[in-house]
Each structure stands twice: as C-alpha cells, then as structure tokens.
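The structure appears right after this line, and notes come after that.
Going in written order, the chains are labelled A, B, C and D, and every chain counts its residues from 1.
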Amino acid sequence: MSRTASALVAGERDVRADFPILGERTSRGKRLVYLDSAATSQKPTVVIDAIERYYREYNANIHRGVYEIAARATDAFEEARAKVARFLNAAESAEIIWTRNATEAINLVAWSWGGANLHEGDVILVSELEHHSNLVPWQLLAERSGSRLRFIPVNDRGELQLDTLDALLEGCKLVAIAHVSNTLGTILPIAEVVARAHAAGAIVLVDGAQAAPHMPVDVRALDADFYVLSAHKMLGPTGIGVLYGKRALLDAMPPFLSGGDMIRSVSYERSTFNELPWKFEAGTSNIADAIAFGSAIDYLEGYGMENIRAHERALLAYAFEGLGALEERGLAIYGPHDPERSSGVISMNFADIHAHDLASILDTEGICIRAGHHCTMPLMGRLDLAATARASFYLYNDRSDVDALITGLEKAAAIFRLS
Amino acid sequence: MDDFYRDFILDHYRNPRNFGHLPEPDAVAEDRNPLCGDEMRVEIAVDESGNVSDIRFSGKGCAISQASASMLLEQARGKSLEHLLALGKESVLENVGIDISPTRMKCAMLGLSVLKSAALAGLAKAESE
Amino acid sequence: MSRTASALVAGERDVRADFPILGERTSRGKRLVYLDSAATSQKPTVVIDAIERYYREYNANIHRGVYEIAARATDAFEEARAKVARFLNAAESAEIIWTRNATEAINLVAWSWGGANLHEGDVILVSELEHHSNLVPWQLLAERSGSRLRFIPVNDRGELQLDTLDALLEGCKLVAIAHVSNTLGTILPIAEVVARAHAAGAIVLVDGAQAAPHMPVDVRALDADFYVLSAHKMLGPTGIGVLYGKRALLDAMPPFLSGGDMIRSVSYERSTFNELPWKFEAGTSNIADAIAFGSAIDYLEGYGMENIRAHERALLAYAFEGLGALEERGLAIYGPHDPERSSGVISMNFADIHAHDLASILDTEGICIRAGHHCTMPLMGRLDLAATARASFYLYNDRSDVDALITGLEKAAAIFRLS
Amino acid sequence: MDDFYRDFILDHYRNPRNFGHLPEPDAVAEDRNPLCGDEMRVEIAVDESGNVSDIRFSGKGCAISQASASMLLEQARGKSLEHLLALGKESVLENVGIDISPTRMKCAMLGLSVLKSAALAGLAKAESE
C-alpha cells in the first residue's frame, strides 16, 4: 500500500505496473489502452494474488468448519465484509450482504422488500437515465404488485431536473436512482433526492455501481436506505457485489434466496432464519472473490478515494481540451461536459461514423472503448441517440491514454474520409 | 478491420441502395441486434411468379450492417423467395470481400437474417392464400 | 490432461501434485488430510491458473465488447458453457444457465417456474434426506402459492422407500430430489423416480450437487427436467453454479433476476427479454470463474468420471474395512454402508464423543472432516441423531488418508478414555 | 485443542451437574448454536431476595458446550440475576482454564449466553409482577 501511495506521488507509471494486463500487447503488437473501466475494471496483482493464495493455501467451506483452514477462510471472508462496511461507512458489518453483482443486489430488494411493501397503486420513482439493472427489476415489480413507475426527468445534457420532484414523490414508496450515470458520467445530487424522498415518506435505493469505484462514498452521510455496487468495477473480481441496507429495513424483510447457511433451524414443514447478514446469503458464497474484493478495497484505500477522484477529474479536463479540437470535424460529446460534475466517462459520436465502427477502428490501435446503448436504451431514446462511443477512465489511465484516443479518432476520421 | 472500410463500403453506407419503404409490401420482417440495439427492417414485393419485384430496407446501424444489407439487397431483386431462404453467410462475405472480426459478424449478418425472415413471411403468406 | 490420465495409471501421488494445497502443512506441521470434499473440493493448478490468466491477459466485460480482449473473454465464457453442456450431455448449450451455486439454481426454479405453475392445493414432493437448499425454497414456495409439501420416506439406513411413491405423486406438479445424499452418501434411484413422476404428470428437479462431482451424469438418460450443481464441489471455483433445464421449460418460464444482459429491448415502460440462456443471466456474470470451471471440467474429463467413481468406490471399501475394527469400541457408521450404493461419504459417530469434539481432535492431526447436521436438520431428526462426523473423499484422496483418519480416531478414543 | 479434554472436563461432560428440569421454573431460556445445531435450555428458580435458588440445564451438545455450562451453572446458585447478567466471557474461560480455538468459542459460550437470557427473562418477570 505504501508503494501505491508513493506511486501516485512519483507519477502514474508505477500504478500501471500494479496491473499486469496493462503490460500486455494486442495481436497487432499494440500496447493496451484500456478505456472501458465503466464496463469492468482491470485488476491489480494484489487482487489476483489474493484469489490464488486462497485456493493454494486455505480453500475450505466457511462458517461450519471446525478445522484450521476452514477457520482461516471464515475469518478472511468476514474480514472482507468488515472492510466493505468501513469503506462505505456503514454502521455495522451486518448491513453488508454479499451478492453476485449490483444487479442481483437490486433484484434482492425488488423481490424481498418490494414483495412485502409495494401494493396496488403505489409509486416507484426512478430517473430517466437508469441502467437497465435499475429499471427492469422495478418494471417487473410494478407488474407483480400493481404499482406504477414514474420518472425523474433529465435535460438534454443528462442532468437531473428536480423542480417537479415533490409532485413525483406523491404516493411514492421507493426511489431507485443512480449515483453516477454509466452512459454520461453525470454525478447525481443524491443527498438532496434522499432528503426530499424521506420527507415524502419514501425510502431510497442508490445504484452506486459507477460511483463507489471513483469517489468517496459515505452511505450514512447520504442517508441512503440501500446502496448497491459491483466489485468487478472497482478492481475486484467478477462474481461478487454488495447490497448495503439499513439494519431496520433488512431485519424486517422476508428472506429471498433460501437454503443452506441462511437458516437458523429447519424442520420438514418450516424453517426459521439466521440473523443478518447471513439471512440473505443462501448456499455457498463466492468465498474467494469476496476475500479478493477485500484486497481491492485495501488497494483503493491505499491510493485514496479522494486521490482517485482528483486524478480522474484532471484526466477528464485534459481529455475535454484535447477532444475539443475534433469538434469542428463533427465530434459530439454528450453529458455535462464538466469535470466537476462528471465522473471519468466520455460519451461521444464522431460525425457519421457509427459508434461500432469507431470502436472497431480504435481496437486496431489497441484502444478499448465501448459502443452501443450501454444498457440505457430508454435514455438513448430520450436523447435521440442510436448508440454512442464511450471512453471511461480509472486510476491506471493517464494522459498517454487520452493522447492515444485522440490519435485513434484522427485515424478513424481519415478512414471515413471526414474533411 | 481498418482495411474493411474501403470506398465502395463507405459508399454503400452513406448512400444505401434500396433504402426506405414500399407502399404495399407483400412481406415484412424486422429484427434487432440485441447486443448493440441496432434495428433493421426489410420489405419485399413479390411478382406473380413468386420472385422479388421490389425490395427496401430501413433502420439505423453501423457501416458493416448497412453496407452489407445494401449490397445483399441489390442481388435479391428478381430472385425467388426460396432462393433468398437458401442464402448462406458466404453471400454476405463475398460482397464485402474481407475478413470480418467475430465481434462484428453479427452486424454483417443482420441484413441477411432479416431478409430471410421476410422471405419466410412471404412464403407463408403465399401458402395461406 | 494426458499427464493426469497417466497419473492415474502410475499411482495416485501424481494427482495430489496437481493440487497445490495438498502440499501445505498445518500450523502444527502436519500434512493436510483433506476429507471434506462434500463441503467443497480442492482446486488443481489448471483451475487456479485459468483464473489468473483471465485477469492477467484478457479481463473484459463480455457480449457487447467490440475490442480484442472482450471477444476473447466472450469466447472463453461461452466455450465453458458448451463444456458444461457436453459434460452433462445436454441437448444444447442454451440449456445451461450460470448461477452462483446449486442453491441459487434451485431458487431460480422455485421463483420462476414455481411462481408461474404452482397453485393452491398443488403438491411438491421432496425426499426426507434433502439438503436445506433443496427443501427451504420449496417450503417458501408452498407458503407463497398455497401448495403443500410431501415427503418420500427413507429407511433407517437413509435409503429411499418407493413403495408409496405413486400415492405421493397424486396431485404433484414437481418432484425435487437429490441425486446423492450429502450426509449419507446414498445414491438415489433417480431414473426410476423420474419415470414414475413423468407418468404421473409431474416434472423433476434433480439436485446433483453431490453427484456431478463424483460420477458420470447424463441428464438426457435420466430424463431430468432440471439438474443443478455447484462448481466449487467439483474442482471449480466458488461463486459459480449451473442450472440445466429442458429448453421447452426454460423457454416458457418468466424471467427471474432482471437487468443488463438479459433483455432484448427496454423502454421506460416495458421490456422484452433475451433468448436462452441469457434470459436468466442478469448483470455481469462471474466471467473468470465460469471460464475456470471449464478448466475444471477438462481436468475431470481427463481423469474420467468413471475412473473417479471407481477410485472412490475402492477407497470406500478400504475405509469400511479399516473402520470396522473400531466398531466394537463404539464407532457407528450411518447410511447404506455399501460402496456399490454410496458415493464417497462416510457419516459416523464414535461412542459418546460428540462430532464436534471428534473434528477438533482430528484437526490437531491435520485431518479435515465436517461435524454437525450437514444442512440436513430434518434428516438428522428422522434418524434421531444430533450430529455426525462426516469424512468425504475425492479423486485426490488415497489410502494414506484413510489410514490417517483411523489413527486420528484412535487418538480420539484415547483422549476420551474409551475402553 | 487436544489438551482441552482433561479429566475434569470429561467428568463434567459425562456427568453434568444441574442437568435436567425444574418442576416450576421462574425463568426459562433456550437457544441454539446455528452453526452446529446444538440446543441448550436453562431453567432458573428465584428466591424471595431475587437470588438463584435452583437451576438446571438440558440439551445435547459437545464436551465443550456441556462441560462449560455444567461448570458455569455450579457457580450461579445463590447469585443475583443482575450478577448473572454481568458475567463475561472470562467466567467461562477461567473455568476451562485453557485456550479455546476460535471455531469452538461459540460452543464454549452457548451456556453463558442462554444463562444470561434466562436471567434477563427472570428480571423482566420480576419487574412486571
């Protein structure tokens, strides 16, 4: 960790050295310019090693094992949970439920809390810029419960419009809203939404999949009722995510997935359930990846979440400046276009080059960006876009990556004979 | 892939042939590439002997999907619906004349797949009449 | 793989060398005698390496990525699915749904198929020896739907009693049954249960968590409608499991978890869903672990499932013989006690030594066994047992492990002053 | 852990003191170690001054949980319910006199936890009377 902290001071090259994949070459011999961290982040050696160490040294099933490696695995697993609790400033570890990903965490709330609390005529409020994972579960819940969806509008820059919020909150039981837009990078005013929702008697689920990796998050300062994230977007492995929930809410919720580990006692006819957090963790957990996510959090804290935010803000400013030169050739950038109000995401289109073609051409230069609707089809419709090309940054990106992106865009312009 | 975008491809992309709609199509199909969201629609008019008398496609998409569809449809005119149904991947690949990376193969084949759905719809209609 | 195959021929030592953890020493300097594979198996180097390779060389989100490493990740992920389909002899890869574990796979069926098909007064039939994961989800479904549970009885040796099966099947829509008992090792007559259930108009979910690791499984020969398993019990990583289902059933089922990846198109108000298998896979999958599970299957097939079964059968016979000498000092062995009708599981109690104490004493010798109810509380009640000590085998165990177990039991007898 | 099972521990395990039931307990509590399923029940009779006049425990469990409970209950007789409520882990650990591995700590503390629940129930009852 001290090494990471000093790497930041010493310049960014050392951070890159922590990520083995960034030393790889593509089949055309290009260095990897990875600008798709909003889809999934790369992993530092410490995270990969944590997985390997678990399987090589103390792989065992947890919680009920009497023997030495089972005890070690249980301790490491619960220690990782405690790290997440501290990272989010939760009141206690029992408020941290392991899931596969942010999507499953949202579904857990939709099925369990939603099934128990939403009824005919109730309102669920989401924003117009939600990822499908924070929209479709609520559509299905609305269908099951007879409740209705309403939408907090966004303007053409993808910024939340709060002037009608109080009216929208009427009859609303739950607000589900992203902390940061994965398509545009917009940072949403969560604390304000939460305060006004609470005043109207609604609880709030915050989709932190794009915020938790990139800035300090304090669930108690936000006063969020639920907060979800995916480890794979924040240096951790695939297959592990988190539902944070306030104890009072989680305690009152019925179980969702059931089976081994989440029970207290079982007879043929009925069961009683374990206490938090295990009540919601059925079957063998993703032990190795939970532990490795703990290592990812150590790494992030070693770097410092404030420092990550500052680094990405600076990179974003640098990128906006460099990309500005291409605007007269038809480059359009969506979203707030302001490093103070965006996380490290740039969504764009270049003249009449389709985002897919742009991504294919950049790929030949080793540059990885995402093209498409970014799992926000309704937002694309709202903004009248078919697809965008999205470049997204993380702590291991630097100016040379931005430079490569700009060079790549110029190559695309040449190939498409843009004037 | 960068050598894919030659002049005739870009020309088909920017000036797609048979683009638009038919006033009274005999058969229509549309589909979507679920991975990217691109949509395509094909409309066919059939003459008395069951051959394609007119054809159009519409939708938004990348150069690969649009150019592939544009070139493919040019060859569909005058062909029987059965002939269209029997078309294979090669018919598209020969048109573009260059290897397509696996990630983009779905884009290239979108037009073919919708064309065949439309042909199928046309045959089903002919049968039921 | 050729190395593994020859290892079998050349004697068992080479197989152990494939599992790095088996070379570790406990804190007391003992070699690890791992006899808890029914809880979770150890992992061969090829599996650990597959995870590492993914993160070091081609970590990227799948399905929508245009760039090179995303294509490689997508291919590897779908190739792993194809391996599972082949391993189980499914008709097609689309019938293989990734889940976190066997438990989640069962819950998926309970929520989705059960929600759509079970109604007031319907019957769900399970056996008396089910793991909590194949019991509690059905209890909760029964509660939600107003349906009832019935139980196929077992005798005192834990063997299924089928004489009343036809009566039990009356009004039954679904039979949920283990292929192998995790507590007793009993191999259940699945093909017969399926045939009779189908004749009565019920479908059958088979919990293969303890069978798929240890013997050849052919879902089409069994004619199982659903079959579930967990990778971590069969040399694969934690966090990945499988639901196999017949296409016609899966196609007709409503979605369960929803969000990114499982949709076809989304508008603000409603969504349409992707085709199989993705329809049931919401959010970013556990990509690394699915790929590594593919490597585990390669390894298992290299060894040969018939060979694993034969190896465990021989080891079980050897163990029964060795343990026989302790019976006069009070050792009781539960279950069928017959290598032909059991998988590699031995459940026992030793005089008045509580299973937990036995496990603690064995732990001091580096011997890992499980003590307790093994997530089968109702079965324990049925057999009038509070807890058992369970030793379970896998391909990397050999006679020296059985010998160590027996020596450990003798030590426990001395500590507890058994005569 | 193998040196845990000394003679006096095995004696308390095999011949637990105060094992069984009271005819008319003033306070009762039971709990279960969710990880192993072991159950324990404690019954207390209280005299006029609010001290424990009689006490019993029952249930099935390992040597650690049974011996720990047996030794602890021997010391509970004559004590006030408040005193029982204030008991900490040390009270158990001093009795067994040997380090307990973390995996077995829950077994050792089961008796203490149920005893305190029973004391709490007794105090609540006294208050409501």
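Going forward, a contact is a pair of C-beta atoms (placed from the backbone, for glycine too) under 8 Å apart; a residue touches a chain by one contact, two chains touch by 3 or more.
Since this is a predicted model, take the numbers as computed values, not measurements.
Visitor: On a C-alpha centroid basis, what's the spacing between chain B and chain C, in Å?
Guide: 47
Visitor: Centroid of chain A to centroid of chain C, CA atoms only: how many Å?
Guide: 32
Visitor: When the centre of a chain is set as the mean of its C-alpha atoms, what distance in Å lies between chain C and chain D?
Guide: Here chain C and chain D have centroids separated by 38 Å.
Visitor: If I count partner chains per residue in chain C, which residues reach a count of at least 2?
Guide: Counting only residues that touch two or more other chains, chain C contributes 64-67, 70, 263, 265, 356, 360, 363, 371-372, 377.
Visitor: For chain D, what residues touch not just one other chain but two or more?
Guide: Each of 35-37, 101, 103-104 in chain D touches at least two other chains.
Visitor: For the protein chains shown, what form does their contact graph take: line, ring, star, complete or other?
Guide: Topology of touching chains reads as other, fitting no named class.
Visitor: Determine which chains touch and list them pairwise.
Guide: A-B, A-C, A-D, B-C, C-D
Visitor: Contact residues on chain A for chain D in the complex?
Guide: Residues 63-67, 70-71, 74-75, 263-265, 274.
Visitor: Across the complex, what residues on chain B touch chain C?
Guide: 32, 34-37, 101-104
Visitor: Under the stated contact criterion, what part of chain A meets chain B in this complex?
Guide: 352-357, 360-361, 363-364, 371-373, 377, 380, 386-387, 411, 415-417
Visitor: What residues of chain C sit close enough to touch chain A in their complex?
Guide: 20-21, 24, 26-27, 32, 36, 39-40, 42-43, 47-48, 51-52, 55-61, 64-70, 100-104, 106-107, 111, 128, 131-137, 139-140, 149, 151, 230, 232, 237-241, 255, 257-263, 265-271, 282-289, 356, 359-360, 362-363, 367-372, 375, 377-378, 381
Visitor: In the complex of these two chains, what residues of chain B are touching chain A?
Guide: That would be residues 1-2, 4-5, 10, 14, 35-38, 60-64, 101, 103-104, 107 of chain B.
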